[in-house]
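What follows is a set of structures for review.
Look at the two complexes coming up: chain A is in both, with chain B in one and chain C in the other.
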Partner chain A sequence: MTPTPTVPSTTVPPPFPARPRRRRRPLAAVALLAVAALTAACSNSTDSSGGSGGGGNQTLSGDCARYQPYAGHGGTTVTVFASILSPESDNLEKSWADFSRCTGIRISYEGSNDFESQLPVRVSGGNAPDFAIVPQPGLLAQMVKSGKVVKPPQQTVANQEKWSPVWKTYGSVNGTFYAAPMSANMKSLVWYSPKTFKQAGYEVPKTWADLMALSDRIAKAGGGAKPWCGGISSGTATGWPATDWLEEVVLGTYGGEVYDQWVNHQVKFSDPKIAAAMRTVADWMQNPAWVNGGYGDVKSIATTTFQDAGAPILTGKCLMLQQASFYKAQWPKDTKIGPDGDIFAFHLPAVDPSVPNPVEGGGEFLTAFASRPEVQAVQNYLSSADWASSRVRTATGWVSANQGVDKSLYTDPIDRLSADALTDPAATFRFDGSDLMPAAVGAGQEWKSLTAWFAEGQSIQKTGRGARRRAPPRGGGARPPPPPPPAPSSRLLPPARFHRPRGFAAAVRRVPSFGSARLPVALVPGIPASW
Partner chain B sequence: MSVRRDGGAVRKAFSAPLASVFVIAVTVLWTVPTLGLLVTSLRPKRDVTADGWWNALLHPDLGLDNYHTVLFEGGSGVSTGLMPFLVNSLAISVPATLFPLALAAMAAYALAWVRFRGSDTLFFLVFALQVVPLQMALIPLLQLFSGGAHLGSLTLLPALDLKGTYAPVWLAHTMFALPLAIFLLHNFIAQLPRDLMEAAVVDGASHFKIFRSIVLPLCTPALASFAIFQFLWVWNDLLVALTFAGGTPEVAPMTVRLAQLSGSFGGRWELLTAGAFLSIVIPLAVFFALQRYFVRGLLAGSVKG
Partner chain C sequence: MSLAAGAWGDAMVKFGNGLGAIAGFVGILLLVFLVAGRASGRIARPLAVLVLLGPALVLLLVGLVAPLVRTVYLSLYSDDSSRFVGGENFGWAFTTGSVREVLVNTLLWLVIAPLAATGLGLVLALLVDRMRGQAVYKSLIFMPMAISLVGASIIFKFVYESRDHSQRQIGLLSQLAIWLGWDDPPNWMLAQPLNTFLLMAVMVWVQTGFAMVVLSAAIKAIPDEVTEAARLDGAQGLRLFRHITVPMIRTTVVVVLTTVMITTLKAFDIVRTMTGGNFGTQVLANEMYSQSFVQFNTGRGSALAVILFLAVLPLVAYNILQLRKERAVR
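Moving on, here comes the complex of A and B:
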């Protein structure tokens, strides 16, 4: 049976589509409806309700009695905007759930990984949240400059005294205190495997000389293992781990004063001191005999993602990795972390033993954009040791440098280690320098130059020159360098594309790539020409 | 005649066996990454980190766990699943497609067939607006929505209290879509035969009657193709939604949720593939529903016939 011939396919379509048979099309009606809906929707707004109590002087009893100082604002809502995402943000919300239940102040939390670019847009658009949890003092300064940041109430200022004095300076702009710190994290850690160390008879080094001697011993022991591994690839933020190495060496060699001068550009990148610190870094992380365990030569540091960097420690191909406390999230789920486990960390010793206990770290600051009484109540609560304890109790992975937090609350050994170092009154704590420098330098040029230093073996002089190169005057230079090609990987989904470390550099402007083009350059803060 | 011969030649060239093989090869090649994404979304996390997705074809160990987590758990204990965001996405995309379509169709008709002074200049101005990048308007628009417009002490537009609603996103998308929509539809509508319009006027039809009974039915393909474009654009948009709606589950669309899915430290990256696949289901449905208009509409306004 032959198929019936179909209509010859070469007919030219009519110049206009055939007139539809139905005479009336519903489109006009839809159009009218749409316009009506558009106007109707404009007058529509949600109002918040919920929470207990209706304001006024309520008295809290029972469990809630401890929230009495914050009472009297029932039925209100306070919005919080931050870069912390679920699941980490769930613990945050849990930590203030009791407070909300008792006082009736609803805290509406919103996390975004475009926080650093969205916050300036919302603030200058007149749509600022009540609170922003800002991880970079540089961004805080930019917000204060906009004139929208509100000074904290007396109680918050008093609460903040429980942190060591240096934190107050990081929450201040031009000498005025604006934002109380909420959390602290520690970057000066060296991850290692207690098991491997024990088998080989190595001891955790207490001084820089010990550390170097140990590295040498490991390198000479052979067996395919190298003492150090590292990775500085991180998408558009490639290079940031290298800035941490340099910052730690500067802080550990010269102490807090020179570090502050360097960050404030009184000591330049070309200064002999900084060049000497770079040589120390070169002897350590660019020593061909010492790196890059499990990955290859020195240059492989530039192409290894920071997330993957520590993996060879588990297989014994590499023995140590210098990386922040948040690296804990990168170990496989079943890794036993602890002083006798598969993985643990020790405090990176000072290069110069006369510098007492140098700690480089980061933190997050609670910045208020409104002064309504309920906003101030929340601000007072979140700056208190009560709240910090509540957050520490809720889940691991959060450290507060508040002296009022009982250390026995930390159940995780890494948290405990960080808390001990961060609250040590004798410690020289300094904030991550690349978060303090203007973004064009700390997040743009320094990342780029140090990456070139590792990837191309560029000389120290040239790297120093590059890192301090003056940014273009109109702020165009503040954009991070274009993303380098991703590291070769056998997997379909290299996790690097989706990871984002917190607490570094204001200019990790992860540009929304869904459908929309890049953010305007105009949003990037201006750079002081003196850089 | 020449049109017919050319069309035939092209058609013949494309239906030759060699060409078919070539086209099929390109299609397969083109689809491989998507297939990889699909397979990855079905694999457990430990397998994904262990080896490439093609290994799953040899040793299948596939499951819907990732999809279950994305849909009902949202990647963590407290958060809601993807459902509220899916609803938000629809609630944003459908009006944000219909509004510009309705406004642009009317504007295009008026610019094409209603003679008034300066209509050409007006059309040119609208057309020129296309070069204004959307990003430039973000902050001014936000200021307009949150503070209104003032000229000295004179209030031109009161502050609309739109915080936490879909309205700012609809308005923003409508504004950004209008120049292109008006341009495309204008070119299509302007090419409708003049005789039709004249006959209608002779019969006593008003402009609105002509628009509703003649123009709208005739430009359905153009409307449909623009609807596809606009729907896909709005559905995939992250920037406008993030800026005007924010990230709360009450108003945020799926793209915002997808961007947050893997967590602050990227610990749940295995959920991204599943989330991405869920987010393309509806655009695919729209595309297949309207695709017969698509090719026809692509040429709309560009070919004189």
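Moving on, here comes the complex of A and C:
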């Protein structure tokens, strides 16, 4: 490791001219500026390949024997770049510490809260990390388009069998599998207070009809409590929780196929199916008798931040909140979370009982930019159930949909709940739709239209039109081809068309108090057709 | 710990690079200094001009002119800058209903916020001027200036927070309204078009202190003889203010007004923090950001940026002219 000075080191400064020229003294300050501008361009070369090379055919014994398949690359370093920051990233590093100790492969982790914009810059600048942990299929597709993503080794592909097949699709671009999922999170949860439910004699509903009946019962019981509370305010990203509600209802009403077509824009916002789903959302979250417990009327949903939304559950003014598993971070520190505690969650039932176990969520994908043997060894390890178990054991707040992970390892009840739903082979898992749509729709008009829908009571037709109307002028060379006709075989969304590094859910999960802080700078190609 | 060792190694490399950069910087500096110092005779003056002006020009070119040219260029291209569309983006900006609302809001901001801030500042300057311990009051009123616009917006967000009338209020404004006998005050942030004015109040709150301090200084700078002469002639109170004070500080008032106006045109933080541009409160600067960096429509975002730039330009020019005039007077 040799620090290489990027500028020539100082030579002995030549003596000043004998005659002092006071008139020219101010030059110093100006020259200082000029040089500052020049030297600002200096880059750091921080790459370091530590240790002695070459492990050869080492044999691991004792504790380390289980890492034998990955042995033989001692003294090498593999770099990982991701958006996960300390302290969460410390758990990641702990989870592979044993692996590193035994195999001698050093995994150098770097987290950045500017990951989404930094990754494209680093990759196109020829400074790609060995691995990036990408939370958005859109960003993965963009990276694949750059031609720098390396296909996974055979073992990683085989490890993928432990995840339900839909995950492979989200890790694939144009039908080619590139990135193995590392983690999964679940959005289809309803937070409630088991204590309050018990006192009032309410049962956790198992079907949508039960849920609606329960809501009605709570509303009629009076006592100042309303069944639901909600908040969709989130800075520039205001509206995203409302898109989740719509997505849950679309997925739960029509199943995965229509959901994919909708995200894929084969079913439009103006479609009667989506309009019907919006009516379902309106009957649920815009029912004046049902919302917004502890805050006010329906419109107050638009001004309540999503972080605050669930607080009235603790005081009994509101009984339920639909929010993702990462909402756990919003409860006060001393809140007892569990089936018998102050707060717990249940799986949002399907609107149509014939849709098996709909789960909306997100995940993170391990994307490789190098094919060195040690990189592949790490890739194989991180895609294995062994690593997933190791990470689950390290600390709570991490769920894998890998069916090889022993569920008794989950010590946190919410993690366990999510894992049960995510690993259910019969579950209909789908990725958060607004994360998959092009930014102009998913992050632009859909957020805005749904916010206006809540804030101004805009009609469903107009909201649907608004969300659809946002098609910018199109044409041009670099534009992707128009969407393929709905082929019967490709039921799942090919995310390749969209190059939108967003993944709001992932961002929010990490920065619970300021979700909109991370705005990537990459550009999005046009939208193929009118949304 | 291998982790710690890695971090240390990394830090050392960065430190070494930093030292190297500083050393190189000092070296080049000395070189320039030496060359410029050695020069004499005919080239001395042009060289001095170059060394003095060059860096500023380069920085201006890189930091202002180049982005400007590029933004204008991008504004003539499609959303992903791949296709020339001519004035389509500008056409969109002036014909789309939602963008027209943005332009109207921006215009409202432009007229009301600076006038309110300057007017209030002038009144306060006059009032505080006659009080004992004026420094204390002045610093108190000036204090919001030290708060960033985002910070001020968060404070006011709490002030405007609203709950159903059956709940306990946590927002100051709602509670005040209830105390004053308004049983069911609205959800302030949703009440159009009131919410735009409530947002302006934040800007006025922040900028009034600035206006007051500058205007107060200008009032103090009016020569006593002039006021005395006017008093001897029988001018008092309002007349004195209208015919002596205002004309004497006219240029300062204009400079303050235009300065606040320029700040207002760029007001992005307040809207972004308080409503995110929803509920009919969107302004140009925020819409530009939203188009460029949330929806990734570079063409439209750039077109809005160009419109904003053209709107600020005459104000800046006028401001500079006034500043010069003021300097010439003194």
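The working rule: the second predicted complex is superposed on the first by the 415 of 531 C-alpha atoms of A that agree within 3 Å, B and C clash if a C-alpha of one lies under 4 Å from a C-alpha of the other, contacts with A are read in each partner's own complex, and residues count from 1 in each chain.
Convention: a residue touches a chain if its C-beta (ideal position, glycine included) is under 8 Å from a C-beta of that chain, and two chains touch if they have at least 3 such contacts.
The structure displayed is predicted, hence computed values, not measured ones.
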item: First (chain B), second (chain C), both or neither touched by A:Ala302; value: second
item: Which of chain B and chain C A:Ser108 touches, first, second, both or neither; value: both
item: Chain B versus chain C as contact partner of A:Glu93, first or second or both or neither; value: both
item: Partner chain(s) touched by A:Pro272 [first = chain B, second = chain C, both, neither]; value: neither
item: First (chain B), second (chain C), both or neither touched by A:Ala329; value: first
item: Touching partner for A:Gly201 - first (chain B), second (chain C), both, neither; value: neither
item: Which superposed partner A:Gly222 touches (first chain B, second chain C, both, neither); value: neither
item: Contact residues common to both interfaces of chain A (with chain B and with chain C); value: 9-10, 13, 16-17, 24, 27-28, 30-32, 34-35, 37-38, 42, 44-46, 93, 108, 500, 519-520, 522-523
item: Residues on chain B engaged by chain A in the complex (per definition of touch); value: 3-4, 7-8, 11, 36-37, 40, 48-49, 51-53, 74-79, 95, 98-99, 101-103, 105-106, 133-136, 138-139, 141-143, 145-147, 160-167, 170-171, 174, 192-193, 211-213, 216-218, 220-221, 223, 233, 236-240, 242-243, 246-248, 250, 255-256, 258-260, 262-270, 272-273, 296, 305
item: Parts of chain A lying in touch with chain B, wherever the complex brings them together; value: 9-10, 12-13, 15-17, 19-20, 23-25, 27-28, 30-32, 34-35, 37-38, 41-42, 44-46, 81, 83-90, 93-94, 108, 110-114, 118, 121-122, 124-127, 307, 326, 329-330, 490-493, 495, 498-502, 512-520, 522-523
item: Chain C to chain A touching residues, read off their complex; value: 2-3, 5-6, 9-10, 12-14, 16-17, 19-21, 23-30, 32-34, 36-38, 48, 51-52, 54-56, 58-59, 62, 78-83, 85, 88, 162-164, 166-167, 187, 189-190, 272-273, 275-279, 289-290, 293-300
item: Sites on chain A touched by chain C in the complex; value: 1, 3, 5-11, 13-14, 16-17, 21, 24, 26-28, 30-39, 42, 44-46, 48, 50, 93, 100, 106, 108, 224, 233-239, 294-297, 299-300, 302-303, 317, 439-440, 443-445, 448, 451-452, 455-456, 470, 472-479, 500, 519-526
